[in-house]
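Starting off with a structure, shown below.
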Amino acid sequence: MIGSRHARLDGAMSSDFEHDWDRRRRTGIAEAVMSDRKSVAQLDAIGREALGVGRNLLFTRLAGSQYGGLHDDLRRQLDYDPTSRTAILGPIAEPASPAQICVVTAGTSDLPAAREATRTLTFNGFAATLVVDVGVAGLWRLMKALDTIRMHRVVIAAAGMEGALFSVLAGLVDSLVIALPTSVGYGVSANGITALHSALASCAPGVVVVNVDNGFGAACAAIKAIQAAAPVGDPASPA
Amino acid sequence: MIGSRHARLDGAMSSDFEHDWDRRRRTGIAEAVMSDRKSVAQLDAIGREALGVGRNLLFTRLAGSQYGGLHDDLRRQLDYDPTSRTAILGPIAEPASPAQICVVTAGTSDLPAAREATRTLTFNGFAATLVVDVGVAGLWRLMKALDTIRMHRVVIAAAGMEGALFSVLAGLVDSLVIALPTSVGYGVSANGITALHSALASCAPGVVVVNVDNGFGAACAAIKAIQAAAPVGDPASPA
Amino acid sequence: MIGSRHARLDGAMSSDFEHDWDRRRRTGIAEAVMSDRKSVAQLDAIGREALGVGRNLLFTRLAGSQYGGLHDDLRRQLDYDPTSRTAILGPIAEPASPAQICVVTAGTSDLPAAREATRTLTFNGFAATLVVDVGVAGLWRLMKALDTIRMHRVVIAAAGMEGALFSVLAGLVDSLVIALPTSVGYGVSANGITALHSALASCAPGVVVVNVDNGFGAACAAIKAIQAAAPVGDPASPA
Amino acid sequence: MIGSRHARLDGAMSSDFEHDWDRRRRTGIAEAVMSDRKSVAQLDAIGREALGVGRNLLFTRLAGSQYGGLHDDLRRQLDYDPTSRTAILGPIAEPASPAQICVVTAGTSDLPAAREATRTLTFNGFAATLVVDVGVAGLWRLMKALDTIRMHRVVIAAAGMEGALFSVLAGLVDSLVIALPTSVGYGVSANGITALHSALASCAPGVVVVNVDNGFGAACAAIKAIQAAAPVGDPASPA
Amino acid sequence: MIGSRHARLDGAMSSDFEHDWDRRRRTGIAEAVMSDRKSVAQLDAIGREALGVGRNLLFTRLAGSQYGGLHDDLRRQLDYDPTSRTAILGPIAEPASPAQICVVTAGTSDLPAAREATRTLTFNGFAATLVVDVGVAGLWRLMKALDTIRMHRVVIAAAGMEGALFSVLAGLVDSLVIALPTSVGYGVSANGITALHSALASCAPGVVVVNVDNGFGAACAAIKAIQAAAPVGDPASPA
Amino acid sequence: MIGSRHARLDGAMSSDFEHDWDRRRRTGIAEAVMSDRKSVAQLDAIGREALGVGRNLLFTRLAGSQYGGLHDDLRRQLDYDPTSRTAILGPIAEPASPAQICVVTAGTSDLPAAREATRTLTFNGFAATLVVDVGVAGLWRLMKALDTIRMHRVVIAAAGMEGALFSVLAGLVDSLVIALPTSVGYGVSANGITALHSALASCAPGVVVVNVDNGFGAACAAIKAIQAAAPVGDPASPA
Amino acid sequence: MIGSRHARLDGAMSSDFEHDWDRRRRTGIAEAVMSDRKSVAQLDAIGREALGVGRNLLFTRLAGSQYGGLHDDLRRQLDYDPTSRTAILGPIAEPASPAQICVVTAGTSDLPAAREATRTLTFNGFAATLVVDVGVAGLWRLMKALDTIRMHRVVIAAAGMEGALFSVLAGLVDSLVIALPTSVGYGVSANGITALHSALASCAPGVVVVNVDNGFGAACAAIKAIQAAAPVGDPASPA
Amino acid sequence: MIGSRHARLDGAMSSDFEHDWDRRRRTGIAEAVMSDRKSVAQLDAIGREALGVGRNLLFTRLAGSQYGGLHDDLRRQLDYDPTSRTAILGPIAEPASPAQICVVTAGTSDLPAAREATRTLTFNGFAATLVVDVGVAGLWRLMKALDTIRMHRVVIAAAGMEGALFSVLAGLVDSLVIALPTSVGYGVSANGITALHSALASCAPGVVVVNVDNGFGAACAAIKAIQAAAPVGDPASPA
């Protein structure tokens, strides 16, 4: 973690970081590797270290070109999903209980963020139900799915553009609604900022929000909300 | 309209403008006086000129203190609405036909902009139906009002905060929906910009938008849409 | 529409959406496919489904590379316009009446958005007149075209940069003016936000606005305005 | 809720809204009255209606001048807190269990938002612990309070300026952290936007966020998270 | 100008500045006093110094309350214009030649900035023609004034809202057009930023721009442009 | 200019525009072709039309790839400058008089915008002096060049980053200073907005501003300022 | 610091905070009280506690109305400066050495922030030289003061509007330059953001920046820079 | 530096700039070449001139493709670091004393900016300690490194996302903390603006800030702070 005096002008820095293998025991959520600013060499080093100590690992924001550049022995053991740009290393246990978390999207274009959320939940041992393409422009689609959605304790809603889904959904279900704004849109909704602001300004009380396209964070928050049910100090075991 | 060479440093400029009394004949919409940057003296001059030539007049954004400062003979003839800060001068004819335009608000706080719209319609001879407090956090309120709303050719929807009403409404009715964002909100929705962006980014096709709190403009656009039905070149007479 | 419990980490999700074939009957406007965030595989699946059920279909924001990647049997039946990046599937009926909608552009650079509007109108059975390159820097060009423009009930005005065309045009014609800001510009007008704000702040009453580059939405609104003329409840047949 | 045809230009609209007395039964959270855009007359009407039907009521964003203007018989029955600008009508039951929610502030200036949260919790029957002035510039203050904070299932963190407290706290406790950015600050942190962005961009996974100064929303979300622990369909009774 | 070591905690600092009496000789434009952040005591000191040395002086952004607070002997010698909030001290010579500069406004609300410009010109010995209320929503007003405007070498155009006047005017006259955006507007045009951006993004080549409401700066630039005609090194005498 | 009814779905539109060959006679500045949104086919058509009628032509924002794609017979007759991405068609007359306009840059990175200005001046028959790399971080460089700069009637100053050059220069010379902000910078100065704002907020009176990287507009304004010296109505012949 | 379970709805919270009397020993800089969001009662309590334990105290952003509301015995012992809105409690020792820090302002309007800096330095035992009104529009004023400024190890430069002073000064002196942007300006420079960005984007290497109007922070940084000279671990005694 | 009259339309301008070889003697910091807007030809010319006069040189923001395009004889003598995109020409002396400056990063993704800082320090003869990956989400990492960090007079802290590290670190060490925000992040933290604002709004007094990703500027400021310790006028020799 700590380099020595900067006497050499070398570009290599092979042990710059110290992975937090212990995070899951402390917080119930295993640490993930945000890959987009890391070199293939750095990602390889982290992956091999995980293999060496026999740990599971979740890579997020792993571009196809990064994935393709990893060493064969690591890449073969990864379950890679190009839609969400996530890769999972290690055997994932079957969830012990039915899904308590529902991930809902306004359109198919919101799937990258939504699947980052479902994959993060899977990786941490939580089942999730995925309901796709129920944006409010065709309200009857949402109505048809409502009974399904209402069966869950926490709802993650992924939407871009104007994000009207957040408020409508929160008015229809009693569960905690976590708004996951996505960068789907153009003009004033480019980059997801309008969807984000729409979620924050929601007229429905109790909507909480994560950063644009942060499916990983939404999943972590959902897990923490589920765990809030457990006696304090006793990390809830995944359902 | 045109001042002479600026030889004197006088503050008075009593005939700086030339009111467009002819606008209604040309466009079907009478010119209004946006009052907020005008002095009481200027407003008095405009009002008396209208009285003198026997014209009706609509004042918008007329603060109570401005209204109170007008000369008695003018003020007594004004119909002033403090909610919308509008004043109407002159006898308003009864609309000749049932309301073709429906003005819908998400909350009671949207009434200032909504009533600027209904008053502008009334002033120009168009009837309007006003439906209040049907924001999407309680979707059943909107559903109860839906049959009423659907009976109109044009819908003006007034909402602040996250403006989810625009998209939901546009998904439920076939009429042209004119979104009227209001400056109701705080934090990211302060000043109505989030509601505005929400309207522009709506996932429901065909929503059109006016500036924040521009109830006057929304009403003018609604009239023009109704008039689009008339044979071209022949200004539609108010319904 | 509704996926099952997320037990598998698969990337494929072939039936994630449910196309709204019924939209036209309900609203008078057929649903379109916004293509830019969809994979070629998804677009192929939608297109073939349309072929299978014998429906027309409009693709918007379809990049040349996406179009080129479609299966031959689908691609051959598409009418693709690279300027507007739209593709139309199916036989388009001749409009039954002369154009009631005029699409006007400030410059040739506004053609992509303008043609997205005209193609959407064509697809829905409405004729349109296209008037190009009449920006206000050379006002006489606009004046020459004014008689033509005035013959239409609705005017869609496409402009980028400072968008002065919106106000000038709305001051010269009685029709409903729908402002279609375009992302033409640089510096402060990059991304079309200045043109958008210019339209919203227009000093000419009754201008309505759609999102930047949203030619599809402008066309839908124009259709709805034309339909506002029909008796309520009775969807106007395309002219 | 629905006005009749707008034939009269009257300013009064005494029954413009329909209070949602049923909300608590449906969602576990009683509806509150956001007061800042309402007239004293409107607030009086709502309060008296509540008195009449024997309901409790929470007013938020109730300015001292509004409170002072209420009719005596209503005002005397209100518990008004000038710091949070909230008023509670009706007898509040003692919470049945120890506090599960902890509200933490970076400074004393964050108290208005923080107390809006604790008052909302109290009103809905939930106990809360309040920990004040533990901003990260003096980290030892936070460390001293850490054992207390960790005893709660949900933590609401209120901070303005740069909002570093959100990330630090979320790294130190396992509970769900709800970030409540406040409008405390000046220059780049004016209006709370920097604190808001800081919360959304937090490097600590699982932080969720509400709008600036939205203590009411943070409390509602905390209640929903606590309720997420209860069997689905069976609204958790307040602890 | 330079204080001594800060040993005393005194609030008074009576000689903090050194007025640039020599500016006019060097640049052809006399220095003005921007008053809005200065105390009445500071303004009094500057004014009396000017009286003492027999210099003319221009105060800009001088609020009525500041003006009213000045010492009687100074105030009596000031020519104060409440519209533009400017005060002129000293005898102003009649301009030697007809007006070469025309100041044009879109509406009467733009007069404060426009008159700051004309008063600055007067103070520096230049005549100006003022043309008011020729915004583009009623293009025929502008057309009527066009011959008058074209008789000037430099045109200052003052407009708020969407600022379409800048582009239209620049397309119609050959003179240098200096755009003076004003803070007239609301919603997206609040504070004049939309008018400013509109001016900068103008499709008409050669428009130059000053800060919002900077009538003083527009006048200075106009003088410099007129002077650009004179042989270099030889400050143009006012026309 | 005006297309016919949109009966065909064709992509070609070969005569969409009408070049303004007459502009120079009217305004003293020949029209230029902004190339960046035009196809090579469109540019070819414009260029050949110019060749056909024997006119000079200036292309701005012409990418190397666009230039390379033009037909040989057109391309060979163009004088192309890759730094400013401008191309000039036709014989350019020698300026009749010494340079009256000086173009000054803060750094070498500002050359693209600065050379767009000098090339535009050359094309219109005006000589210009170019002074490069005199940013204020090394004030002595600017001081060394000051005598040269002061010999000109109009100064165009090109600077990015913080744009301090604008104010310093305007404090040192009497000429009209036209600020040309450039998109040189990163972080808060990315896209030139900080330099633009710096120019608009300049503490030196009389600085006027054009859009970011608008070297063409700065040159046009400089020509108009020079022409302001000529008797009104009589377009100044290039010096 | 830690409140108990929130059983009571009381508004009073008399011991909500715990002043950090020990900060100076730890960091060399005594803690200050930012007053603007505190009630007079809270300020009184803090001031009396300081009196009680015999500590010096610095209040910043203390409005005149707050100061006037303090108890007589506290107020009489405060040295209050209305320009900077600071109050100092307690005897301030004479600085032991000549000023090492120079505070420079572009205009007299920057004095509030500049004096917040000098007063903070005085309070902490550091002498400072104050140089006022040396903005770059009149560069010779700065040049006259340059020898004085260069005699100091650290320079705090206070400027609003376009903030050109920061870059010019940093190019002329070798000392560390701390830019203190002020909220002096209007239009694009309203609220000091342009001056802030100008400082951050400075072309002169090594300029560091504090928040708008943060004279207190600039002074603290200057002290830390002076102390950086002392052997590490050994807090530099004030000069 | 000064071009002659612009008679030729040539693209080459081989001697447009004049490198400031003398800067180091004047300021203690050698001038660097910001490479990103320069052509390879320009960079080659500068590098060869440095070789010719036997000077050391630092290139910043030198892309790999630029580096690869340099002439062999220059490229071979450069020490190029792809992480920070810096290249150093010339023999670098060993620092004479232990590191007085510590560069700390929140994550490995902050290394490009952090290494630009350390390489700039090395180039100017100052040693630096590099501490990596101590972001506040895992506070114990920072705590482990605290003793090391505290041994330095100046701390440069590099962080993106929400930038909480700045405030936490400044609350824990007495040294001057220079915040170096990085463009690491997405959504609201894209481009580093949230980290930048977080630094400016820090609740810890005395944090100073440089532009996003400006590692070079942070290093220059650190050197100036170290030099502030030396007797004035006598540039501190590198430690």
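Just so it is clear, A, B, C, D, E, F, G and H label the chains in written order, and each chain counts residues from 1 on its own.
What we mean here is this: a contact is a pair of C-beta atoms (placed from the backbone, for glycine too) under 8 Å apart; a residue touches a chain by one contact, two chains touch by 3 or more.
The structure displayed is predicted, hence computed values, not measured ones.
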Contacting subunit F as well as subunit H are chains G
Note: among A-B, A-H or A-D, over half of the F-H contact pairs reappear in A-H
Averaging C-alpha coordinates per chain, one finds the centres of subunit A and subunit E separated by a number of Å equal to 56
The distance between the C-alpha centres of subunit D and subunit H, rounded to whole Å, is 45
Subunit B and subunit D have mean C-alpha positions lying a whole-number Å distance apart equal to 35
Residue numbers in subunit D touching two or more further chains are 107, 138, 187-189, 193, 196, 200-201, 205, 211
The chain pairs that touch are A-B, A-C, A-D, A-H, B-C, B-D, B-E, C-E, C-F, D-G, D-H, E-F, E-G, F-G, F-H, G-H
So, in the complex, the side of subunit C touching subunit A is made of residues 1-7, 9-11, 13, 16-18, 20, 23, 34, 37-38, 42, 181, 183, 191-193, 196, 211-214
Listed in rising order, subunit C residues that touch subunit E in their complex are 106-107, 135-139, 161-164, 166-168, 170-172, 185, 187-189, 193-205
Within their complex, subunit G touches subunit E through residues 79, 81-83, 88, 92, 94, 98-99, 107-109, 111, 118-119, 121-122, 127-134, 138, 141, 144-145, 148, 184, 186-190
Residue positions on subunit F within touch of subunit E in the complex are 26-29, 32, 100, 150-154, 174-178, 196, 200-201, 205-211, 216-217, 220-221, 223-230, 232-233, 235
